[in-house]
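After this come two complexes, each holding chain A, first together with chain B and then together with chain C.
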Partner chain A sequence: MDIAAFLHVLWLARMPILKGVGVTISISALAIVVGTLVGVGVGLVLTYGKGPLRWLVRGYTDFIRGTPVLVLVLASYYVLGTVGVDLGPFEAGVFALAVFCSSHVGEIVRGALQSIPRGQTEAAKAIGLTFPQTFAYVLGPQALRQMLPAWVNTAAEMVKASTLLSIIGVGELLLRTQELISRTFMSLEFYLFAGLLYFVINYGIERFGRYIERKTSVPS
Partner chain B sequence: MTNLLEIRDLHKRYGDVEVLKGVDCAMAQGDVISIIGSSGSGKTTMLRCINMLEDFEGGTIRIDGEEIGYDTAGGRRRRKKEKEIARQRAMTGMAFQQFNLFPHMTAAHNVMLGLVKVKGMGRDEARGLAEKWLDRVGLAERRDRYPGQLSGGQQQRVAIARAIAMNPKLMLFDEVTSALDPELVNEVLQVIKDLAADGMSMLLVTHEMRFAYEVSTRVIFMNQGRIGEEGNPREMFVKPQTERLAEFLMNSTFN
Partner chain C sequence: MKLSLLAATAALALISAMPASAQENKSKLDEVLARGHLIMGTGSTNAPWHFKSIDDKLQGFDIDMGRIVAKALFNDPGKIEFVIQSSDARIPNITTNKVDLTCQFMTVTGERAQQVAFTIPYYREGVGLMLKADGKYADYAALKAAGSGVTISVLQNVYAESMVHAALPEAKVDQYDSVDLIYQALESGRADAVATDQSSLSWYMQQNPDRYKDAGYGWNPQSYACGVKRGDQDWLNFVDTALHEAMTGVEFDSYAKSFKTWFGKDLEPPQIGFPVEYK
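Then we have the complex of A and B:
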């Protein structure tokens, strides 16, 4: 491995790599934000919903969670077009990841809410709180703390899953890296470097999660 | 004068099992009633019906003349709206066996939550009242601790302060000392005795027979979903009228 040569090529290729990082972060951030918003709704229905709605949402999460993310990505790019929803590769990819994320967040939210002892709801009722108040002040804050580690994990998974968008031609970090390799033949160097960048992104997410956890932890 | 609490022909079932088979009970302002009886006789269920933690199928419960949980008009019985039930629940306070403090809030905030959100009190006023009640239960210096930093006895006293601060007409206690180590029982019983001395109306399920004897104005013996016997503690504990109560007392310890 010729370090000096690699650094030289790397410097020349800095713009496409930075763009790739930017796209990777945009995809992940969008998928996480949208997926979390939808996922909270999914989790609420799974926990408190009744009848057909709950049924439907249960089917949705089980189906999505049982499907490989790559299949979701390919399906939203190639299949949605045939039913008249024509999305570009970026939109289709974000859509697929957000759907994937929502089913996981839904399960995390449900798990967190159900892990709270019944006595909490009963104590809240006993002092006269309505259900929305109980949720806002008693259940929600406890569930948030409880789900934080799993949620951070999911966020990191989304960053990894964003690499799958390279297959439908989204110019994220992996695709940019592969393009560079095909031109420079420095495959080991560039794959290692891309790996390092992914690690840095996810390490950042993990540290941030830890920080929030520390900030919100309850003394005992 | 209307009774503070009036229960008529209360029926409650879990699935196929009838747990309360027609309970009648009246209680005046300032009464301290202990409910005793063997495990599974329906003591907890009766308390839980009084503040609508459980729905019930038959009978009426009135507090200060107001029907709890249901409206009966023209022979039809309808569950009240959730919001109305929430308001009625605040008329009673409840302390649980497992304390059920909110673990993410300090002792003071546990007490303040209902004051601010249910009573609409300002934060400063609520804080003052919370501090007053925590002081009353002997926890003035622990008010900024979290439940995880308190002993079981301290947690239970915070839980009682949280309920009492809401100024309920009636306090319900469900075996509040059963989950405590023996050396912590007395500090909680003392708080309840002080409340009794202040004239608080209370309905307490307990296995502490000596305590029931000392603190109650009346005792109810529950037996298989019905009231088996009731009366003042001196008569009941000394000469029980029914075989079942005599047997129950024989198997209970007085300490």
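Then we have the complex of A and C:
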């Protein structure tokens, strides 16, 4: 491996790589944000919902969690088109990842809420808090601490899953890397470099998660 | 009387409705013309067919074929939008209307022809052998004469071994995971020749002038053609006409220029007089 030659090629290829990193980050960020918002709703219904609504959401989570992300990506690109929702590759990909993310976050939220002892809810009732108040001041903050590590894990999974969007032609980091390899014939070097970039992105997410954990931890 | 009047009115309504329904089944050709640009599916990771230039522009022989069709449509080769797709997506993207046309080094096979309509072929691919210019073996005959003494590097594939043995029955076959590694094997002397698609070889030789040579033998022929959705003869005829005239008629110069750029070979202009295709 000729390092100097690779660095030269890498420098010339900096724009496509940066664009790829940008697309990877936008896909992941959108999927994580939308998936988390929907996922919190899913988690609340799974924990406190009743009857048909809960069965429906239960079915949704089980179905999505039991499906490979690649299948979701292909389905949202091809199958939605046949029922009139014709999404572009980027939108279809973000949609699929957000749906996948929401089912995972839903389960994380449910697990966190159910791990809080019943006595907490009862105590809140005893001092006259309404349910929204109970959630905002008693259950929410405790659940947040419980779910953070698992949520960071899911977020990192989303970044990795974003590589699957290269299949439907979204110019994210992996596809950009493959494009560069086809021109330069330097496969090992570019795949290693892409791996490094993915690590940096995920390490950033991990540090961010740790930061939030510190901010929300109970002062001792 | 009243009933027959009703029937006549109904029949009249039916007739007047017919042109409207015929309008709804209009060809992709009209749709593309009305839209004002062509949407072509292709890849971005295979030189010299469809890949990105150093300034991040899509280029290659497939891309030029698309531009030829765009020029036939709008008299402007730039009125084309490319949808990047993986090889697996070639057929689904045609059948689900994501693209008007796919030109992505698609090998014509009977199985695929049942799913999409193929245009006329625009290239005949085959496997070739590349040697080092100053190497031990001069050409294909020398490689064959050397029998089991030669090592051939190929891309890993289930049929790689039998593919090489079709041309060199006794040669040793070394399989590698990626394209750069098969070339590296030749460069480092671990292999005596590389066997892969001739288009890839000629592109590589053009990128590294005077270092390699073609052994002068090709086998495993396969036709590359564009694909369109089945059941639209008008559109298929149009793309066929555009490609045909690029290879034999008014657009020959742009086809030949592209051929020279990507495969490094000059084409003889079609013979004037009796049409070449009936020779």
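Methods note: the second predicted complex is superposed on the first by the 218 of 220 C-alpha atoms of A that agree within 3 Å, B and C clash if a C-alpha of one lies under 4 Å from a C-alpha of the other, contacts with A are read in each partner's own complex, and residues count from 1 in each chain.
Definition applied: contacts are C-beta pairs under 8 Å (C-beta built on N, C-alpha and C of every residue); 3 or more make two chains touch, one makes a residue touch a chain.
Only a predicted model underlies this, so the values are computations on that prediction, with no experimental measurement involved.
*Asks:* Taking the superposition on A as described, I'd like to know which of chain B and chain C A:Pro16 touches: first, second, both or neither.
*Replies:* In the superposition, A:Pro16 contacts chain C only.
*Asks:* Quick check for you: in the superposed arrangement, does A:Ile181 touch first (chain B), second (chain C), both or neither?
*Replies:* second
*Asks:* Quick check for you: in the superposed arrangement, does A:Tyr211 touch first (chain B), second (chain C), both or neither?
*Replies:* Touch status of A:Tyr211: no partner.
*Asks:* Touch check for A:Tyr78: first (chain B), second (chain C), both, or neither?
*Replies:* The answer is second: A:Tyr78 touches chain C but not chain B.
*Asks:* According to the stated criteria, A:Ile168 is in contact with first (chain B), second (chain C), both, or neither; which is it?
*Replies:* Second partner only.
*Asks:* Of the two partner chains, chain B (first) and chain C (second), which one does A:Gln120 touch, if any: first, second, both, or neither?
*Replies:* It touches chain B, and chain C stays clear.
*Asks:* How about chain A: which of its residues touch chain B in the complex?
*Replies:* For this pair, the touching residues of chain A are 117, 119-120, 122-131, 133, 137-138, 141-142, 145, 218-220.
*Asks:* Taking the touch rule as given, give the residues of chain C at its contact with chain A in the complex, in rising order.
*Replies:* The touching residues are 44-47, 51-54, 56, 83-86, 88-89, 92, 96-98, 178-181, 183, 204.
*Asks:* Touching chain C in the complex: which residues of chain A?
*Replies:* My answer: residues 12-13, 15-16, 19, 78, 81-82, 89, 166-169, 171, 175, 178-183, 185-188.
*Asks:* Which residues, counting only chain B, touch chain A once they are in their complex?
*Replies:* 51-53, 82-83, 86-87, 89-90, 92-94, 96, 98, 100-104, 113-114, 117-118, 145-146, 148-149, 159, 162-163, 166
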